[in-house]
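I have a structure I would like to understand better, so I am pasting it below and will then ask my questions one at a time.
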Amino acid sequence: MSDYLLETRGLTKEFKGFAAVQNVDLKIQRGTIHALIGPNGAGKTTVFNLLTKFLQPTRGTIFYDGVDITRDEPAQIARRGVVRSFQISATFGHMTALENVRVALQRRLGTSYHFWRAERSLRVLDDQAMDLLEQVDLGSFARTLAVEMPYGRKRALEIATTLALDPALMLLDEPTQGMGHEDVDRVAELIKRVAAKRTVAMVEHNLSVVEKLCDRITVLQRGEILAEGTYAEVSNDPRVLEAYVGVEA
Amino acid sequence: MSTVATPRHARSHGPAAHKAWGNEMLRVADLHAFYGESHVLHGIDLHVDEGELITLLGRNGSGRSTTLKAVMGLVGRRSGSIMFNGNELVGMAPHRVARLAVGYCPEERGIFAGLTTEENLRLPPIVRSGGLTVQEIYEIFPNLYERRHSPGTRLSGGEQQMLAMARILRSGARLLLLDEITEGLAPVIVKKLGEVIRLLKSRGFTIVLVEQNFRFAAPLADRHYVLEHGRVVMTIDQAELASKTDELHALLGV
Amino acid sequence: MAWGIALLLGLAAPWLIYPTFLMKVLCFALFACAFNLLLGYAGLLSFGHAAFFGGAAYIGASLAKDHGLSPELAILGATAFAAALGALFGWLAIRRSGIYLTMITLALAQLVFFLALQMPFTGGENGLQGVPRGRLFGLIDLNDNTAMYYFVFAVFVLGYWLIQRTVHSPYGQVLKAIRENEPRAISLGYDVNRHKLLAFVLSAGLSGTAGALKALVFQLATLTDVHWHMSGQVVLMSLIGGVGTLFGPAVGALVIVTLENELADKVGSWVMVIMGAIFVACVLAFRRGVVGELLALRGRRAPDE
Amino acid sequence: AVSGGVVKIGVLTDLSGTYADLAGSGAVLATQMAIDDFIAKEKPSFKVEMLTADHQNKADIASNKAREWFEREGVDTATELVTTSVALGVMKVAKEKNRIALISGAASTPITNEQCNDVTVHYTYDTYALANGTAKAVTQQGGKKWFFLTADYAFGQALEKDSSAVIKANGGQVVGSVRHPFPGSDFSSFLLQAQASGAQIIGLANAGADTTNAIKQAAEFGVTPTQSLAGLLMFITDVHALGLKPTQSMYLTTGFYWDRNDETRAWSKRFFEKQKKMPTMVQAGQYSSVYHYLSAVKAGDSDDAATVMANMKKLPINDFFAKNGSIRDDGRMVHDMYLVQVKKPADSKYAWDYYSVKATIPAADAFQPLSQSRCPLVKK
Amino acid sequence: MPLFDIPIQVLMGQLMLGLINGSFYAVLSLGLAIIFGLLNIINFAHGAQYMLGAFVALLAFNRLGMNYWVALIVAPLVVGALGVVIERTMLRRLYQLDHLYGLLLTFGLSLILEGLFKNYFGVSGESYPVPEQLAGGVNLGFMFLPIYRGWVIVASLVVCLAAWYVIERTSLGATLRAATQRPDLVQALGINVPVLVTATYAAGTALAAFAGVLAAPVVQVNPVMGSNLIIVVFAVVVIGGMGSIAGAILTGLGLGLVEGLTKVVYPEASAVVIFVIMIFVLLFRPAGLFGKQA
């Protein structure tokens, strides 16, 4: 078994001759929290989209747990245990928080095509769903429709939903985006907690969150890897300071 | 959002009322902005006098771009007051704002894929006399002249950035809202842009500059506003810059 | 409780209202509810549902008339046909989304219309006439209007039950999730296209049931049932009643069929204009439809309902 | 006696669709005229009421309405019933409810063949009469080589088949045919094929807008006058809509022409005053059928279907519409038909002066002979 | 059927006729594509607007004695004005919503228009005479081509080329193309996008009316002339893909030709051939022949 849970080789994505991601060799180590940072448009979200097959890479291969998954369908990737969150909050708006989480849990029952079964058959999942909601402090929101929840709570719900799949690898795209201080801290805490048993890759602009959480950081710029290392290494890299922070150290 | 009332009334008092502000060009007061349900700006206050250049600094996501978009009317919802030369911009359609001689250069550059360089350049209508001619623009940016017939999106990042800026210079806009114009550009082009900005300043343009690249912005600006979580957390005049550098670095997380 | 009352009303109705009219309403109500399963619960607007409804009407009529099948078998056969057709349509259409999907279903339905016009067994523009209602399970003579009514009512209740069960089933939950946020549903590991396809098949199949039933009630199947105006009409029914409400389309069907019937001798040629105006009014002002507006009203009064 | 002292006549027609011009409100007017004339002239002991409805060309609406009329309103006869799918549907309901269906507008022969029943009268015309009349007359006059432009569905195919048989029987020859999709708006391609076929006559085995478009485009492409067109199902409204220029010299068969004699002129002028259009054969036939029906009710002093039918079949029909008319066992009302030729624009002297009557086809020859009937009611 | 051994000349004739029909498809799908490009709305009322164009010409001729050439200008203006009203009062309120509502609204409008005309003018319609200047025909050797038909090809090609030129080669067109890509940004650059949108819808409907006037002397002018045609045009548009203006025009012409050929080889299929092609195109190129892959 390789040390790396996820590995890309020469990953490239071109949009009409414009390379959004170029030759990216990304290695995510098992059991770590790995951050992807970089200026806007550096290609972070695109990398995530490639990893989860929302986009087809133009070139390059992706290995997950040693298996080549470059040709997998998005849903297949998810079933392998790679689950992502979205940059813009992605909940199921007109479903309650509980239902949001339950829909994720439900896949395991294998009844997703059973249109003749009663919804009652899903109640067996309620306890587990409640559990997950409690984990992200949403216990009191269980019966609230997702649209009616404040932004920060929605992101928490999204994380709970992601957790429901018990993913081996979680991909979080700017989990703290659009949150106030308190929310940021709570979500950071949460990520730390859930990352205990799994591998996490995240895109994050909030460097203090990155510093607090991440074991390893990859800095992207214009679709290419600019630097890689621990927070200390990266934050002292003059190229990073120049390109990302915009100040020469 | 009760403060909205004051500037709006000021307008109804006629020209005399805003004369009192001196040659102030733009005043933003208690500006809130929303994207759908997320509340991004929490009461921004700032002002720009004619001929001044100010910068908006802050980390990613602090709301700098949103401030510019809010001025243009490109956010989902906004409240508060934005006075521009005696006109209230809140509630005004974006094209009317532009017609008041406000030029906007978005952070993603917004070069139109289906258009050639020259078509991109000629797209914005002339809103005031005194804009640069296409000839002058090509003199400033010779690269653009060379590539004038190629599709806008085939240009390099730097060229696209020049094009995005050049495009608003032609229209005669007097207030330029520039978002991260040095983003992802090679140092040599950044330097070039610095010269252009100086040139524009000397010609009397008023500029609001959003920058990550503090080194680029510092020597150009008359005043800096530092934003965090949609609020102005610090204002630094050019003169105070040296004394406040540490504080600033802390805020910017450098 | 409300369902109990509705059920009782349905059982008593033929003594109060003209049964043939009621049967027509029920057939269209089932059709509209089935259609709405796709529009309201899977978020897919088909403009080709006439193909399922009318196609099944022909198949059901032919099975009963030319092949001498009993009514229940004819209906089952027609349903299976419509479901298969739905699978085919769906397979082609879900490759695209939004407006494209709508246009594709419309065009495919046009193909079915031409087939219906030309195939020998359909009787061309004369339609398939004189379809025997036959004996249900070989026992009950459906030529008796009351018996026929209760048969239609039973099928409707069954169909409606199946739809509401589908909506509130594990599958329905996934479908709802897909409609709310498709990329998110994919990222949870659901094969979105196959779920959509199933919705297509179910909706088409039940539309077919409704079509075959109607063919038996009126003892004929004609081109009207496969014409694209029929596809438009079922959209209108859903829109009037309330897209995304379970019972709304049935109400919409009642409204439209009543209008059609009443307007026939009152306004004559204005029917089309009036239908068009209702369409426009619904889109501009009452997008929630009758039932949707009522639910919203009740929701406002009792927010935690 | 007449139930309730009232005879109720329901006019179920197309008020808004394709057939609104040839039947539609004109048929309603004709019915009202028949009722008024009957009451004025015969002074019956019963009252007569008329109901109308628009079936929108939908068989289910029609049969639903008919059923409701029969069951709830006590309507005694459903009349007009243009378009065959509607007629067939309503016939079934009439049979079930033991009322009468008086068909004027529908054209197809199954009405009096496979699908016939003993409560239906097919009054004005049918496709056999039209095809037979036109094809026979044209062939006999030397139009031996035919090409068919056929609407690709049952009705068009039936027209083509019936006509072909007649043509061959009269020594003619069918050199080709082309099936065009229905509805079509562009016939130029098919006309070109017809042109290339070397036929003398192009038979239009279609109806309505298809026929008018084909005629119009035939003139445009110079198909006419080198080749002649024969409309197998055409109404005076079609000629009116097209004008005489493209239609001139065409042959067609009709059951009625307003300008045929003083009697037809007198009635048609009354009709014209109200409708601002001259009557089609469907509208004139509608008048005649309703009048005849009421006479039969009076004769038997009953509105019971069997009695009325018996009397309708017994009484001869001789009015401005029909000469030597009688109703056969299969429900077919047979009467003289007329072969007409459309006038050249120069020969048309006044409004609606469209036809010159070339021949009268006697009732006995005009319709499908009973010997060929596929109607089970016909005892052979 | 003795049609497979058709001489080449007949085939040429049929291709010519296909081109004529293709011209109508091209003008109509062009209008649809323009509207779709900027408004993201499938204009279901396109067929009704085409019918309206023909009727305006017919009525103006009957009632006012207006000649064909004037009608060719006036009818598109009148229908375009109606387009302005529709966009301003109705469509405008739907842009925030799912695009399907635009489809439903225009569907309702088409019912209203068709119904009104049926009421007032009956269903058989009337003939519109071929303008004197274009009466008669020329013998091309392989076929007799009515001069009017030749004019149809020329006029539609000219209009299509003009539309293509305006959109692809002028500054107005540049603005339009930019607005389809980023309406918000274009507006922020000082262009009145709402007016542009109104004008675009009006122009699209005017094109439909133009096609209607062109068709008036060829087909019987009646209230249903548009509703059957439009479904075919939708198929044309799906096949072409909503991507490009040139694509809409080329697909329209091409499918006219294909349909023309089918009428000779297997006429029964000519009504469905376009739909069959559509299925195959969707199987192999879901975005259409010229559409941008999603």
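Letters A, B, C, D and E mark the chains in the order given here, with residues in each chain numbered from 1 onward.
Here is the rule we go by: a residue touches a chain if its C-beta (ideal position, glycine included) is under 8 Å from a C-beta of that chain, and two chains touch if they have at least 3 such contacts.
The shown structure was predicted, so the numbers you read here are calculated from the model rather than taken from an experiment.
Steps from subunit A to subunit E, minimised over paths through touching chains, total 2.
Taking the definition of touch as given, a chain qualifies here only if it contacts subunit D and subunit E alike; those chains are C. Using the mean of the Cα atoms as each chain's centre, the chain most removed from subunit E is A.
Farthest from subunit D in terms of Cα centroid separation is B. Between the Cα centres of subunit C and subunit E there is a gap of 32 Å.
Separating the centre of subunit A from that of subunit D, both taken as means of CA atoms, is a distance of 74 Å.
Centre-to-centre, using mean CA coordinates, subunit B is 78 Å away from subunit D.
In terms of their C-alpha centroids, the spacing between subunit C and subunit D amounts to 36 Å.
The set of subunit B residues that touch two or more partner chains comprises 113. The set of subunit D residues touching two or more other chains comprises 16, 20, 152, 181-182.
For subunit C, the set of residues that touch two or more other chains comprises 114, 118, 269-272.
Chains touching one another, given as pairs, are A-B, A-C, B-E, C-D, C-E, D-E. Contacts from subunit B toward subunit E in the complex involve residues 72-74, 93-95, 97-99, 104, 106, 110, 112-115, 119-120, 122-125, 127, 167-168, 171. Within the complex, the subunit D residues that touch subunit C are 15-16, 20, 25, 51-61, 63-65, 67-68, 71-72, 83-85, 88-89, 92, 108, 110, 115, 152-155, 157, 181-182.
Considering their complex, residues 18, 20-21, 24, 114, 117-118, 123-127, 129-130, 214, 218-220, 222-225, 260-261, 263-265, 268-272 of subunit C touch subunit D. Looking at the complex, you find that subunit E touches subunit B at residues 171, 174-175, 177-178, 180-182, 184-194. Residues 36, 40, 42, 90, 93-94, 97, 99-101, 103-105, 107-116, 118-119, 231, 234-235, 237-238, 268, 271-272, 275-276, 278-279, 282-283, 286-287, 294 of subunit E touch subunit C in their complex.
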